[in-house]
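Each of the two complexes below includes chain A, the first together with chain B, the second together with chain C.
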Partner chain A sequence: MSPTGAAPGRAQSRRTLRRLLSARNVVVAAATALALLLPLFGSNFFVEFVMTRTMILGIAAATIVFLAAYGGMVSLAQYLLAGVAGFMVGNAVVAQDAWSKGLKLGWNPWVAVLFALAVTTAVAFVLGALASRTTGIYFLMITLTYAVIGYYVFGSITPLSGFGGITGIDPPGLFEDHPQRMYLALVVLSVLVYVAFRVLAVTPFGLALQGIRDDPVRMASLGFNVSLHRTLAFTLAGFTAGLAGVFNVWWNGQIDPTSISIGPTLDLLIVAVIGGTLSLEGAWLGAFVFVAANNYLRNLPLVDHIGITEARFNTIVGVLVLLIMILSPDGLAGIIDRIRLGLRRLVQLSRGSGAGPPEAAAGSAP
Partner chain B sequence: MRYKPTFRRLLSLVGIVAVFALLAASCGDDDDGEAAPATTAAPAEPEAPAEPEAEPEAEPEEMEEMEEMEEMDDHAHVHLGILGECEGAFGAFHEDVVAGASLPFITFAGGTSNSPTSALEGFSGAVVAGVPIEVVGIGCGDDTPDRIIQEVRKIVEQDGANVVIGPLSGDESIAIANYAKDHPEVTFLNGIAGAQETTMVVQAPNFFRFNGDGAQWNAGLGDILHNEAGWDTAAVIADDYSFGWTSTAGFIAEFCAVGGEVISRVFPPLGTTDYSSFVQQLPDPDEVDGYFWAVGGSGTNASLEAFLAAKGDLTGDQHAGNLFFSPALAAALGTDIAGAYVGGFATLPGDVSSPAIQEYLASADAAWDSLVSPMSGMEPGSPAAAAGFGFFYGFYSSAVAFIMALEQVGGDLSDNHAALRDALANIQIDGPYGTITLDDNRQAIVDTSVQQLVLNDAGEVVSQTVALIPAVDQSFGGTFSPTTPPPDRENPVCETRDLPWAGNAIPVVDGVPQS
Partner chain C sequence: MLPRWVSRAAVWVPVAAAALWVLVLARNTSAGPAIREPGEFVVTLLDGVTFAGLLFVVASGFTLIFGLMRTVNMAHGSLFLGAAYVAHEIQTNMVGKDANIDARDVSLLAWILPLLAAGAVVALLGLLMQQLLLRWNQGQDLRQALITLAISVIAADQLLAHFGGVAQPLKWPGAVTHFFEIVGERYATSRLFMLGVALLVGALLWLWLNRTRMGMVIRAGVDDQEMVRALGINITLVFAITFVVGSFLAGVGGVLGGSFAGSVAPGVDGAWLLNSLVVVIIGGLGSVKGAVAGSLLYGMVVALSPAYLPAGYTYYSVIFTFALLAVVLAVRPAGLYGRVE
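== the complex of A and B ==
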């Protein structure tokens, strides 16, 4: 190798490294490390309940963020798809002789997972294809319709749901009686989902999807199949929501039609809004705030004296959402971004005026 | 324009502070329940930790004794969790059921309510057989199994409850009974949930139910309708979910057992607003002797209105219902409904009174000045009004059973509450509304009642007790068992069989049982 050939290569790898070591990536990596180490010092309840639920909701909310940020589609059907996966797992794994409802197929749990993901993906493909010609508020309404219909479908077809729900759904041996393992698996899955969605954004498919988000007519005239791209994005999001649904039913041990009713559906949207519908990290951040508020607000000293009891959770979350919408429509992730920029500006100001205009200094790398 | 960024920055600050406060709260908790009790602000025994410090010169023997007592204290301490419902269809009854679970600890265990106007503030100072009782958490369900599982996990796994009273509604109780199986260290006492499978099929050894299920509450109705009202055939219309099926199953099992025939079963989905198509599926009034209704909530009125529009008059002699058939229906439907027989619930209507009932209602009034309950129109009202309704009483009887059992075993909570559970399984409560014992599945065998809507002297429709049905068990003479299909749209099938209580109903005349 000649020295002239090696130098540009080294420079490029240095540039790649510098790009990978962006503040955003470093913070995400640190958060991941913290999440992985959490079982060493966190209380059991915090790890096995609060953080496990955070990861499940985070993955499901990340699919909303993915569709909204890259595809311009705000979907209310993601919790339904998670529920479809949950119902399929429930029907498939519960043994014939166990007391429960549903089909009781008694399959191997891992086969059940494959089956559940296949069904969920197929359902997502069909629903996505039907909704792919709409956008904006109409897409939101169609997916809301899916969520409502899904609830009634499972509520009416009682052999699939038992109406009262399928109970006693045990996770596979790997996770049964090992809730911390399930948590760690969820952290790993969260990282995979996060990385996959970010990588997807720079693939030709992801770029085309973002083009369609910005100007579907122009993309169509350039020869891109707009509907197909939207359908495939929805299918991928459905598959990912299915993964969250599988873990959710393992973690919860049961699923019933009310598990996918309008309440939980809206909760998931709230999670995405709190975190920020344009930032993938926001999904997990929003999930954490939502779950923590649900569990710990009532424990804060003195709050019950001002009427914040467990019965007021929805009011609190409503106020929190309002506050976040006023502060930053990009959610908590947007607030953090703004603070980061503000701090940078402060640092530059303190270094004196010689640093040039802040816009130039804060601007992105060439 | 300059104020805008400042305002935003201020709001940002508020938002960030809120998030950090949450973080701080979440990091501050621990597993052993030392954190502030969830909703009960008052410390139960403030002097307990101070005592050892106060007597530093205690004799060595005393020190040993104190250590032993402290050791015992770790085990012999009841951390009570109560599962109510602050949202959903029964959310209005949150205060009622928490009060129901608390009242026995105030009446029989020396506790005092922390607030004269709300049971949600908890109680303090209750001690049973030397064991202090502390409320560590009040769960907030919304009548869905998912939510109640999350609430019970918080109460048990975070707040450290070792005894749980609740839940309120049917599907929740199935989920809780399943949860109980995985948590043998906790004793669960059902609140007022009436799903049949909870005890008959799930059979968690640490789950006890001191109230009847939805089917048991309708015992006596089929017998009276067939043998006294002369119905040979009946059509049923009920909500299409587990409580609707179970409630109807109680009527069908008995009506068929004594020789009646159910010729039509219609199940509108829960939440239906237009019942006309479902009512059309029912036989016409000249094709059937009577109709049994188990449609609840806003559906009760709507479905009966639909019947009026489609099939003609709504007469008391041709209609009967479960507990949803209340005198309030007459306000919208007219007084023709008088004469209808109605199934029972956990308590009796106000027409039956006894010293025990009076004493029970007075104890509620003594515990609180007022409570906000649907029984007083969601205004601060008499606690006795809340106590007179079944939701309150279901939670009450579970707490009474727990106190009796704990006293019986001298406060022994060792070996995963083994002695306590043994005592609970064999206890007999002679409560204000009848005797309660448990069967082998830890399910109550209860006295229930049949009521009738009648016109009083003022021409108003009121509820009147016509019969008491003693010792109703869950199996209905073998109609229901762990191996038979649970109640659903087709089950139980219509079959003649012997019922232990058929023909044994105690008539009630003018509020006085005739035995």
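== the complex of A and C ==
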């Protein structure tokens, strides 16, 4: 968004530079650099398993955050849409002679990706159009219903998958046997998604969407098509979730309905909630906390002792979400914001200028 | 908004096509055309109505709580499953067998006592949940939905840890497990018994809401909570009682549903949360009348679609649940009896 065209005044360019050099952007850029350099020093398990999974979940959770923060819609259908893309890739790439379920079209993997994304986007458009006249709690319920119906659709329609799922899905040659490449591709995709969502927020479409989030009646009377904006936002989020779903199925090599059932659907919401449903960066932060907890909690010495073994992971996740919702509905990002706000106040007080109102209340802006 | 004729066509064209198909055309389906196989048709309708009874018992509790408090209780399915497990424990203890319980072993008391006890247990759990976790954040509907969602995740995991992944038996009393003849077909008495319990629940609920002072307060609270509060009525107490009743209904539904399936297994909580959601989205959130309409429509679709799909295509029946939802949402986004806010 920096004005690169007609030569701007020095003062303006300095202002733009200062705006871009906000603490938030610097932290994000540093995190991105760290993520890109990680293969140089991280262990294989950490990079290819923990961080790859973090990026996949992060992108999918970012679509929840995008819809919640800019559109005021908390969607539980994002994991379903990722799953739709995964099932479509599976149906398209698995060869006719393979021992698996599905249509077994045996297509080129890249053609399959285009096909999967097209189907996912179309499904997201239809689902979004149906749900777009509701918001808030109704939207949450309707998208949860989509998610559960989607599970039964793929489970019971045996030509598409059946409960056994589709196995033996190979990623394209670019990524096959190159997990580090897949990780780097996911980092790049994460950055693209992150930047795209943030840029979108200041486009006319994004501004209208946020206006609709705040006051749909006023926006409607100003001539904006409220449900169309919501539908398009949902479609875009669905497309992005589809991208995450494609990588997810490449990474797993298989997909079955249980992997998009109510449990994983809630897990994704939980990822977004841990990070804070109003903070875009929080999606990846939440994904990292979730995946790390999933992989490392079992190593803690006390865990076995108090009877919370790996099998009881869901209890831990549930308690975590419960605590977050009780203490800080804005998630970890909200907690960080609060700490920052508190520190700033402390600094202001020590300088003796505590009269000024604190800027940017915690969690009020995405 | 859709033009009026479009929304009318969206309702009547599919309904007319489905009626024509079921009555005359449905060759090569498991039930056969209704004019040739009236017995199959009647049995399928009965399946739909009896399942609708079960749906109503579960969904009415869900919609009652939402209607008054704007709380979407995502743990409703967990209360359902929890009650079914409690009833299973009590019933196996009363019958004195661990596995292979036959309905003939189960006396009427060995079903009613577990029903009431399980209902009471989950009603108490619901009350605890409301008092500890939901009372102080009244009005923050998303936060409450996520809190109850977290509880449902914990409950599902703990129930799995305690009762294991294998289905546990829960049976109807022997007195109602017979078959009787109707239009040349055999039909299970237990399904009619389930419908009877549902009708009793519905009647009691109607009397409570329409003929008692408490019901009057609840109906007023649904319309204007602030006004009820301003009139000096202790609405906090009414909230607590409503939550107890709603949870009790989930529990009764759980025992009915468990007996209906013959067993209790993990995963049922999610399925019944879905069923409650579908019913209230169709009928309109917060409306008991809507719960009746939603249960009947959804029950009919669940019963009719597998019976009247061509053999070999019955697995597409799940699409019809979605189609029902889509038509209702397209024509009435707030559900049949829901109010646009």
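Note that the second predicted complex is superposed on the first by the 336 of 366 C-alpha atoms of A that agree within 3 Å, B and C clash if a C-alpha of one lies under 4 Å from a C-alpha of the other, contacts with A are read in each partner's own complex, and residues count from 1 in each chain.
In this section, a contact is a pair of C-beta atoms (placed from the backbone, for glycine too) under 8 Å apart; a residue touches a chain by one contact, two chains touch by 3 or more.
The structure displayed is predicted, hence computed values, not measured ones.
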{"item": "Joint occupancy of chain A by chain B and chain C, clash or fit", "value": "clash"}
{"item": "Which of chain B and chain C A:Ile335 touches, first, second, both or neither", "value": "first"}
{"item": "Contacts of A:Ala292 with chain B and chain C, given as first, second, both or neither", "value": "first"}
{"item": "Partner chain(s) touched by A:Val317 [first = chain B, second = chain C, both, neither]", "value": "second"}
{"item": "First, second, both or neither for A:Asn108, with chain B first and chain C second", "value": "neither"}
{"item": "First (chain B), second (chain C), both or neither touched by A:Met141", "value": "second"}
{"item": "Which superposed partner A:Tyr152 touches (first chain B, second chain C, both, neither)", "value": "both"}
{"item": "Touching partner for A:Gln12 - first (chain B), second (chain C), both, neither", "value": "neither"}
{"item": "Per-residue touch tally on chain A - higher for chain B or for chain C", "value": "B"}
{"item": "First, second, both or neither for A:Asn25, with chain B first and chain C second", "value": "neither"}
{"item": "Partner chain in contact with A:Arg133 - chain B first, chain C second, else both or neither", "value": "second"}
{"item": "Clash with chain C, by chain B stretch, listed 73-81, 181-189, 253-261 or 325-333", "value": "325-333"}
{"item": "Touching both chain B and chain C, residues of chain A", "value": "152, 156, 158, 261, 263, 311, 313-314, 326"}
{"item": "Complex interface listing, chain C residues touching chain A", "value": "70, 72, 133, 140-143, 145-147, 149-154, 156-158, 161, 270-271, 273-274, 277-278, 280-281, 285, 315-319, 321-322, 325-326, 329-330, 333-334"}
{"item": "Chain C-touching residues of chain A, taken from the complex the two chains share", "value": "74, 130-131, 133-134, 136-138, 140-142, 144-145, 148-149, 152-153, 156-158, 261-263, 266, 269-270, 273, 311-315, 317-319, 321-322, 325-326, 329"}
{"item": "Complex contact set, residues of chain B against chain A", "value": "8, 11-12, 14-16, 18-19, 21-23, 25-26, 28-31, 35-36, 38-39, 41, 86-87, 91, 94, 120, 138-140, 142-146, 149-150, 153-154, 157-158, 170-171, 174-175, 178-179, 182, 195, 197, 201-202, 240-242, 269-270, 482, 488-489"}
{"item": "Residue ranges of chain A in contact with chain B within the complex", "value": "43-46, 48-50, 53, 99, 152, 155-156, 158, 163-165, 167-168, 252-256, 258-259, 261, 263-264, 289, 292-301, 304-305, 309-311, 313-314, 320, 323-324, 326-328, 332, 335, 338-339"}
